[in-house]
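A, B, C and D are the chain letters, set down in written order, and residue numbers restart from 1 in every chain.
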Amino acid sequence: MPFPDKTTDLAAAISKIGDGARVMIGGFGVPGTPFTLIEELVRQGPRNLTIIKNDANEPGMGVDWLLQAGLVKRLITSHVGLNGNAVRMMNAGEIEVEFVAQGILAERIRTAGAGLRGFVSDIGVGTLLAEGKKRIEIDGETLLFEPALEADFALVHAATADTFGNLAYVATARNFNPLMAMAAECTIAEAEDLVPLGGLAPDAIHTPAPFVDHLVALPPELMEVYGVVKR
Amino acid sequence: MPFPDKTTDLAAAISKIGDGARVMIGGFGVPGTPFTLIEELVRQGPRNLTIIKNDANEPGMGVDWLLQAGLVKRLITSHVGLNGNAVRMMNAGEIEVEFVAQGILAERIRTAGAGLRGFVSDIGVGTLLAEGKKRIEIDGETLLFEPALEADFALVHAATADTFGNLAYVATARNFNPLMAMAAECTIAEAEDLVPLGGLAPDAIHTPAPFVDHLVALPPELMEVYGVVKR
Amino acid sequence: MSSSAKQRMLARAARDILPGMTVNLGIGLPTQVMAHVAPDCPVCLHSENGIAGVGGLTAPGREDRNLIDAGGGYILCAAGGSFFDSAVSFALVRGGRLDLTLLGAFEIAANGDLANWIIPGKFAAGVGGAIELAQKARRVGVLTTHTDKHGNPKILERCTLPLTARGCVDRIYTDMAVCDVRPDGLHLVELAEGVELAELRFATGAPLIVADGPIPRF
Amino acid sequence: MSSSAKQRMLARAARDILPGMTVNLGIGLPTQVMAHVAPDCPVCLHSENGIAGVGGLTAPGREDRNLIDAGGGYILCAAGGSFFDSAVSFALVRGGRLDLTLLGAFEIAANGDLANWIIPGKFAAGVGGAIELAQKARRVGVLTTHTDKHGNPKILERCTLPLTARGCVDRIYTDMAVCDVRPDGLHLVELAEGVELAELRFATGAPLIVADGPIPRF
């Protein structure tokens, strides 16, 4: 039984992303951030993007490239503390920022990926973070409804992929990547290592290929931004 | 950094399960069913159990041992079609059966494991399966609330475990096991292969050890019921 | 249903399995469709117990005790296949990543309603994964004998049994015909070899819309 | 806070990390507690970006670019450690599998309310994982200087800042004291070496309940 080959050209994959798209971007800090896909997105320059990412990376890295290029209208994130530029743009009203508690962000993304409408939790009840959220009464207790968070595109970074689009991540570079890969209409993955079918053990695959639409193989020499951050 | 050794004696692990306990049991058909833990549960014989399992196995296997021994009060399951004995007991009123759509069952269990109260979906709207379920109005659409399904104990079967309780499953023996391992107050795992700390690659662990309370190493020679079913 | 009619039905359904699709085949007749798909057609077969990339049935004596499909048959995993838990498996179904499912039926209505899990008082072994497959696969085909064992139509104006899902069926494959569910009703798409239109109408419990001109055969 | 007072505070907090616990240490002061836990104490360190089994910080030059903690520090993974996605990571937190978290604070109230993520108009970089850690860890400790940099109390009758979570704090470790939040109020548990009770009361913005008899020192 053969499987489709989903490898494609970087520019062609990213060209599908147009103005106003909602784009999820994997990664927590540097690990798992698809810098090559982001760089190409900046080069092609669609505007008014809604970006969904755990954090805003650091100045001069990843999401910050999109911010500096003025392509971002709205950022849905858990924390931007390591990017002073994002904080400045938020305070100046140059971007809208929606803060979501980190695990709730992860779960809202997963919920979209699971084809469900939302979930109900007690996280944030009685705090500022509950404001504006729909209340649900369950067994006499007032809880919060958290809607599924889906996107048009997910950009994810994998350590290894086969040509069908099965993905494996390493270490803490996994983070939001497998969740986002499930939650978007179209998932574009970049992979450091491309292997033939059967090159990944089926028990060790983190994202099954049916969730992946397009696959971009990274060059053997990665951009410096993927490396250890010198602080 | 050392970690606790969670290996324990089979009888001691199962002795924690008392009358009236809610017990999740992993497995889909034979693969992933913890037959050794079930056999010991039958031997110790707590009564009025609520059993949560995808299916009722087949006559003379696994869950059927619990049914035949009269230990089951209520069965929460997706399908019992391969066990005519379960169907007979259900029709005779000897056990209560709650049928849940398979993916909704998986998700309700996972939702408990994720510390959330429930989720909202459109699965089953307008059918018999929606009866008795709480309705939630979202953006003018009537959807169903599915409550988290938690248990006192989860009995799971792993292919490999380290002494800390990290678990790896093989092939389609994974199924409900990792979900149930997260969803119970106390998780008891049986493992075919016990390896020292570091014997499992951290990227290939399916259930992280913090979810596992007790670990029972299986003998090298497995009971015949674990083998290929001859029909 | 004659053996040749059955084979024609299976082969006809197989022709709608297109390269690149991720497909789930229900237990029973639908599972048998795979034998009619060209071996070089790139199709990913999903089974809801946690595999994408079923590589066919295992030869007797070569079974892997840990590797079954949702019907309990021992299967192979193709190179490029993956294993996952039951939550991910149904995320794939509900999340829109399943291009096609072929299911069995007790009854199908002209509006696409499907009943295939319970006959009150007679058969109620649980809904399994059917409801999510029927409601959420991007395309739902039903594979069934055109009439039940008493000769009564299984395609009706309205289902009499409790539904699996409302308005979910796109196409019906039987030993007599291929029919499509469209907003204006049930359309005849193809007629099986040797079946007359009048005979088909008699065996169908709902009005059939038939286009002008010759009816394609399969 | 003098260096020795800080070290005493860290060492005191470390004594409440017990064998067998799964623990999450917040960014900043809490992270530094680990250096005071006995190396042979079986503790599983969780970091919310997706690891259970942090094995300490990496030696400079030996960093793995893919292996960080939630604060961005390069870490090691101990033998027996595991990696997982962000949904599983917070499932572990919210599902009750995190025995203890130690967090920083802007303000703590005598009823256990915690404010540690936003100072309206000044600091609002996002809540990150704090809210779920604070609300759902089985036990929540706060590690903080007893007063802010202007000498104002951080322990108050009621928080003035937006809360991270209500009534979540079990124990407070500062450079001056260890205090417990109990239903009847804030209890002094231990007094730091060299700190007088009157001095502590002056630096604390809420009534302190002090048991009869000598106050243990740390």
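The definition used in the following text is that a residue touches a chain if its C-beta (ideal position, glycine included) is under 8 Å from a C-beta of that chain, and two chains touch if they have at least 3 such contacts.
Note that the structure is predicted; figures quoted are calculated from it, not measured.
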Which of B-C and A-C has more C-beta contact pairs: B-C
Relative to chain C, chain with the most remote C-alpha centre: D
Mean-CA-position distance for chain B and chain A (Å): 32
Distance from chain D to chain C - Cα centre to Cα centre, in angstrom: 56
Between chain C and chain A, distance of the C-alpha-averaged centres to the nearest whole Å: 35
Whole-Å gap between the CA centroids of chain B and chain C: 29
Shared-contact residues (touching 2 or more other chains) in chain D: 51, 77, 83-84, 87, 90-91, 93-94, 136
Touching two or more other chains - residue numbers and ranges from chain A: 107, 110, 114-116, 121-122, 169-171, 174, 202-203
Pairs of chains in contact (touch as defined earlier), listed by label: A-B, A-C, A-D, B-C, B-D
Partner chain B, residues of chain D touching it in the complex: 19-20, 22, 39-46, 51-56, 77-84, 87-88, 90-98, 136
Chain D partner contacts - residues on chain B that touch it in the complex: 1-4, 110, 112-116, 162-164, 166, 182-183, 197-198, 200, 202-203, 205, 208-211
Chain B to chain A touching residues, read off their complex: 107, 111, 114-122, 134, 136, 138, 143, 145, 147, 168-171, 174, 201-204
Residues of chain B defined as touching chain C within the complex: 28-32, 54-55, 77-82, 87, 97, 99, 101-107, 109-110, 121-129, 159, 170-179, 206, 226-229
Residues on chain C engaged by chain B in the complex (per definition of touch): 47-51, 63-70, 72, 74, 77, 83-87, 89-91, 93-94, 118, 124-132, 135-136, 162-166
